[in-house]
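What follows is a single structure, and I will ask about it in a moment.
Labels run A, B, C and D following the written order; every chain starts at residue 1.
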Amino acid sequence: DGHTNFNPAVIFDLGGKFDRSFNQAAYEGAERFKEEFGVEYREFEIQSDAQREQALRRFAEAGNNPIVVAGFAQASAMEAVAAEFPDTQFQIIDAVVDLPNVRSVVFKEEEGSYLVGMLAAMKSETGTVGFVGGMDIPLIRAFACGYVQGAKAVNPDITVIQNMTGTTGAAWNDPVRGGELATGQIQQGADVVYHAAGGTGRGVLQAAADAGAFGIGVDSNQNYLHPGSVLTSMLKRVDVATYNAFKDAMDGNFTVGVQTLGLAQEGVGYAVDDNNRALLTDEMTAAVEEAKAKIVSGEISVHDYRSDDSCPVS
Amino acid sequence: MSKTLPRWADLILIPAINVLLAFFVAGLVVMFIGEDPVHAMGIMIRGALGSDYGIGYTLFYATSFICTGLAVAVAFHASIFNIGGEGQAGVAGIGVALVCLTLDQTHWLLTLPLAILGAMAFGAAWAAVPAYLQARRGSHIVITTIMFNYIASALLVYLLTNIFKMPGSMAPESRRFEDGANIPRLDQMADWIGLDMARSPANISLFVALIACVLVWLLIWRSRLGYEIRAFGFSDKAAVYAGISPFRITMITMLISGALAGLMAINTVMGDLQRLNLDSVLGAGFVGIAVALMGRSHPVGVVLAALLFGVLYQGGAELAFEIPAIPSQMILTIQALVILFTGSLENMVRFPMERLFLFINRGRA
Amino acid sequence: MTGQPETAAPDAPAIELVGISKAFGPVQANKDISLKVRRGTIHGIVGENGAGKSTLMSILYGFYTADRGEIRIGGVPTKIQNSDDAIRAGIGMVHQHFMLVQPFTVLENVVLGAEEGRLLKPSLARARKLLTDLAREYELEVDPDAVVGDLAVGFQQRVEILKALYRQADILILDEPTGVLTPSEADHLFRILEGLKAQGKTIILITHKLREIMAVTDTVSVMRRGEMTATVQTADTSPAQLAELMVGRRVLLRVEKTPAVPGETVMQVRGLKVTDGHGVERLKGIDLDLRAGEVLGIAGVAGNGQSQLLEVLAGIAPASGGSVSFKGQPLDLSRTADPKYRRRLGIAHVPEDRHRLGLIMPFAEWENNCFGYHDRPRYQARWGLMDRNAMRDDARERIEKYDIRPPSCDLKAANFSGGNQQKIVIAREIENDPDVLLIGQPTRGVDIGAIEFIHNQIVAMRDRGKAILLVSVELDEILGLSDRILVMFDGAISGERLSRETDEGELGLLMAGIDPKRAST
Amino acid sequence: MDLAELFQLFDSTMRNAAPLLLACLAGLFSERSGIFDIGLEGKMLAAAFASAAVAAWAAAPYVADPFPGQISGLGLGWAAAWLGVTAGMLAAIAMSALHGFASITLRGNQLISGVAINFLAAGVTVLVGEALFSMGGQTPQLTGAARFTAIELPLAETRRGIPVIGPFYADVISGQVILVYIALLAVPLTAWILFSTRFGLRLRAVGENPGAVDTAGISVTRQRYSAVLICGVLCGIAGAYLSMGTSAAGFVKDMTAGRGFIALAALIFAKWRPWPALWACLLFGLLEAIGSKYQNVDVGAFVIPVQFMQALPYILTVVILAGFIGKAIPPKAGGQPYVKER
């Protein structure tokens, strides 16, 4: 009967659906669904923390189902509201909410980051690469940790400079500061800079392009932003997760519980397209593909920062 | 101090015309972005007042605005412009959280009064430094309070990421309060008397805010302290002549103002979020300025203006749901226009009015 | 001779005003005023405070625009809509409140608005030269590089005159120029004016001092309540006649009072010093004894420290040295001094500036009626609230007793006339029955009828055995009211006289810092 | 810390200081004329938006026959950046004119007007941006000639060998966006206007004693309006720098992030004088650079948290305002409307 009251909605997090990154991925997933099945969906962009509960409750109240929510910051609002509306199906991305009507989708960002870390190390001529994170939280540390592991796997002596943009939600949308941080890293010798900073990354990639260094995008495929300057993008298939939630609910197949998406599930990966193909040599691709296979097979295990709040390498 | 305008024109007619002008310009903005302002207005009013759910949210927002509006109004009476409500309310949230996190195993009847004290104390404390600097060192309180807003948010971030944060959680927020710190919501209270009302975050602090209105009215117009505050506000030199200490009045007024701003943390932190997070204040500190200006710094005016802004906030949120092309910044714009028209462009209406009334009076004489 | 229109008839009046009216909101400041000023004369204008003299001159100078009426310069109708027009028409004005930029140098102030080109340097150089010439010609020496804010008022006034001359004014308006000058400085100014007159310039002089009118003017006009009531040749009139024209009835300025019976000293001041915010010493060691049952008058030209003395004694300004004791108890003179506490001790204060200090203009009369006494137990109700009925009752009582009009305690202070505002303040301070009344300029801006009433109240208080310290710049008032007179000059007491043993001439010398007795002995 | 690291810090300082400096000088003109301006923030924000929007539009290819809903660009790639700056100036001037109308003509409260302008800019930029570009209030990413990029000054690389000065010139002075140089040049220009021209004399006078200016035959209103408009021009460049001269390469909402208030604090710190304004802005720029480069500063005994470093400019502002660095006396007539007839 999930079919009868199918009325999908999606809520984007701070940074907005056009952050060219995390939220945009969710947006694209929803759009793809709309195009394929001709079903309209409701959407809302969070502007401040205080709106979260109201937005969720508003959609649930209005009979929307399923409701997909992007972003870890929604977890506590979801806990409250999902309990109030047990008949509504919810999906949260990037956090785990343990309720019988909630599907939690989490990614193994460390695995994808490991691969782009390898590419960065192979591309680097200076032996120094950089990382700019958005908000300083375990999730972003997991990106950083995977990236360092991958880079060190290629070149144990490599230096990885890491900066976080801030400690609040505003850190997702501060390209000026992102550019300043990337410029600083480049001045210290980094020639590849990876960002996991949502809208802030726009400044990071721009600064890298301006300085003739390489940037690495995140979440969505950002290779097109500065063709020839973006080495690759670490893909996190938020779009797929969003699309699947809508589709499963439409088909009456919506499952609850935790879904963990890693390389094996094609939930993360790295982007190759016309914009960056020329930047990646065959050896580079081969090395990364090999590592990918090993990770999938379990031969290489990438440490997840979140498992013990620490990173074995830095 | 106008001799030409009757009281009713000064208190009602001019603000009303100004608010209408503000909404008229806002309507033009809506038209510019390609939407129908009448339709948008309809959505807003229906969204805010058309259902008990909407009314609940409207009252919830209005509660916060009453607190911050009173805060600005009290300071205005002493000719002090407190734009630090945002920071004071934010820091007050810490006070509320400390009380709630410690006592949430008990009962709200115990937690609420203590949380009120905590909120007011923390809010007042955050106002104390700018007040002291103004009173003793003449530092411009408008700029110091703005700075204290920024410092408050840095402090809050520090505390939430380093002290209050739950292990394993990524969001910079405290843990959820237990039942002992859950104050009754309006729908629960309606339930006590057998009424049915949709769930919304409006809660008992609405009554706390209304009591604060009465107390502020007594303070300003009936008490000796209020007499001194108003005298100081009209003329600080004359106040000195009468033995009213500018230092004392500045400090006390700002402490009261900060405490009132802090009071809104009860509504949001305790009444709605039930945990402390980064932006529990939601710009209400700034809305307070518009509310106080529109309400002519009188508690009754403040309540009416707060309700108007409650409608605006809830209706605006509804608008953003219904017409995603109108982002929630629409509310910010209307707020700006209201401040502009009732505050700094006020004379645009007042001057012609004065001339009109002078003309009428001459005609009569 | 620039700015003079070519077509000017040679014997037309320099200035002719026809039917000038001006209202400020509900206040009709000038009503249908007409005036002719002959070229090459000094024309005096007198009138009570608020009569509209400054307004009229400001209209002539383009500072305000008249609602109705015409201005003719040299016989030619001239539109003067701003000061620029006035300057072009050859008019210069020295305002009652100087229009100088304090942090600027003399030179910068002089060239402001009359610069030669877009760059400053050439203008300043030219102005420096012209200034030295002017200074030599008219005894107007000032250091062109001095910062105006550091200059004494007399010198600031010279800068104002230089500004006008630099703009080649033919017509010079001076609005109460001697209010801030000592008699000798005033004499100097009048010599300058005579010199200007000899050069063919036309001068309009506003003053309250009938002596000055008689001494320097050729013609005098009298204004009352916004109207021009008369214009006469100075030679044909007398001070008494002018006074009558000013207030509209015969004036009786003598105060009826019996000789004083001074009792013991209630307030003793020793070595009192005050330094202002700029580090300038405004009181340089004042000693005085105030006895019960006497009126002690403080005479002096405005700005010689009387205001500071009053403020320190009232507790609204700190002293930097010295001591004051009240009934044998020393008073705290630090910055924490509390006027409320002084009032409780029995020291009341009627401030010089009732608008700025004595009243809260937007407060109702009944609220003002307890201003400063609002902490008295009789105004308190429960829980920190005030007893509004008690406040109103007191107010009504005093309105009745002091004949305050209109007799409504609910009216805002702003809506009472100047004289009635003063009555509100005086009623409040006297009715609280203090032992010492400090009273500054009690009749400033108050009409004759009210002056009599206020003077009688002061004498009655003295006769009840209270001590009164009276500060006034009006010598007549000082002489009429006081039993004993101290004259202040430059922050110090330059002489003490019993009022029945002195006269205006002697006090005038003391006000200039010259003690005729000491000089002769 | 070696020299190279220091110079990197200085390099970042220059970029941070440029918008502060422009806004600070903008405030200087306004406040010296007696009009307080806490709306610098809003004007910058409006300018940042307008300049990015117009630059994006100008640079977009010209479409002769757009299909319904499609907007044609101007195809003026080569001029896009400067068209953007002009638009930014116009937007800030419009806001200034509003402030002037409220505070000069209508004699309204200048603080309230400033507050309103800040809110208005925060709201309207997103509203209009969303209406034009449907990108959550952002403008499209600016590329190529639609933005300003760093320019190498002559001799920067060839003379790098000169000890200290060489690298300083090459790393700190050279390699900035042209708007940074404009900001730096604005300082001597402001000083010259203020102290060597007739306009400057009148400007200073009108902020101290408008009555004196009025009676000298100069229009107070005109003088104040011109000051306020100059303020708009400078705020316009400051805003344009943020959206077109930094790596943001476009507008994002609230991108001024309190810089207007810091500029105001710098103005007070500088006691309303142009050269000290330069040093004050460089100081705040340096603080910002330190705050982002050294996030948690370990001083041995304890770690200074990043939040403290980030709040440092605000804390310093309060300390400055508290007068611990000497009392700053604002222009005497500042904040009060000039009223002849009460």
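Observations
Please note the rule applied: contacts are C-beta pairs under 8 Å (C-beta built on N, C-alpha and C of every residue); 3 or more make two chains touch, one makes a residue touch a chain.
The model shown is predicted, which means the values in this text are computed figures rather than measured ones.
Any chain touching subunit A that also touches subunit B appears here: D. When C-beta pairs in contact are tallied for each pair of chains, B-D comes out on top.
As a whole-number value, the distance joining the C-alpha centres of subunit B and subunit D reads 30 Å.
Each chain gets a centre from the mean of its Cα atoms; for subunit C and subunit D, those two points are 47 Å apart.
Spacing of subunit A relative to subunit C, judged by their CA centroids, is 77 angstrom. For subunit D, the set of residues that touch two or more other chains comprises 136-137, 253, 307, 310. In subunit B, the residues touching two or more other chains are 157-158, 161, 327. Of all residues in subunit A, those touching 2 or more other chains are 45, 136, 167, listed in ascending order. You'll find the chains touch as A-B, A-D, B-C, B-D, C-D. Across the interface of their complex, subunit A is touched by residues 53, 57, 153, 157-158, 161, 169-173, 176, 198-199, 201, 268, 272-273, 275, 277-280, 282-283, 317, 320-321, 324, 327-328 of subunit B.
Put simply, subunit A touches subunit D in their complex at residues 16-19, 45, 136, 163-164, 166-167, 170, 173-184, 187-188, 199, 202-204, 206-207, 210, 225. Partner subunit B is touched in their complex by these residues of subunit A: 42-45, 47-51, 53-55, 57-58, 61, 72-73, 75-76, 79, 84, 95, 136-139, 167-169. By the touch rule above, subunit D contacts subunit C in their complex via residues 195-202, 204-205, 208-209, 211-219, 332, 340-342. Note for the complex: subunit C touches subunit D at residues 24-25, 61-64, 82-88, 93, 95, 97, 99-104, 108-109, 111-115, 117-121, 123, 163.
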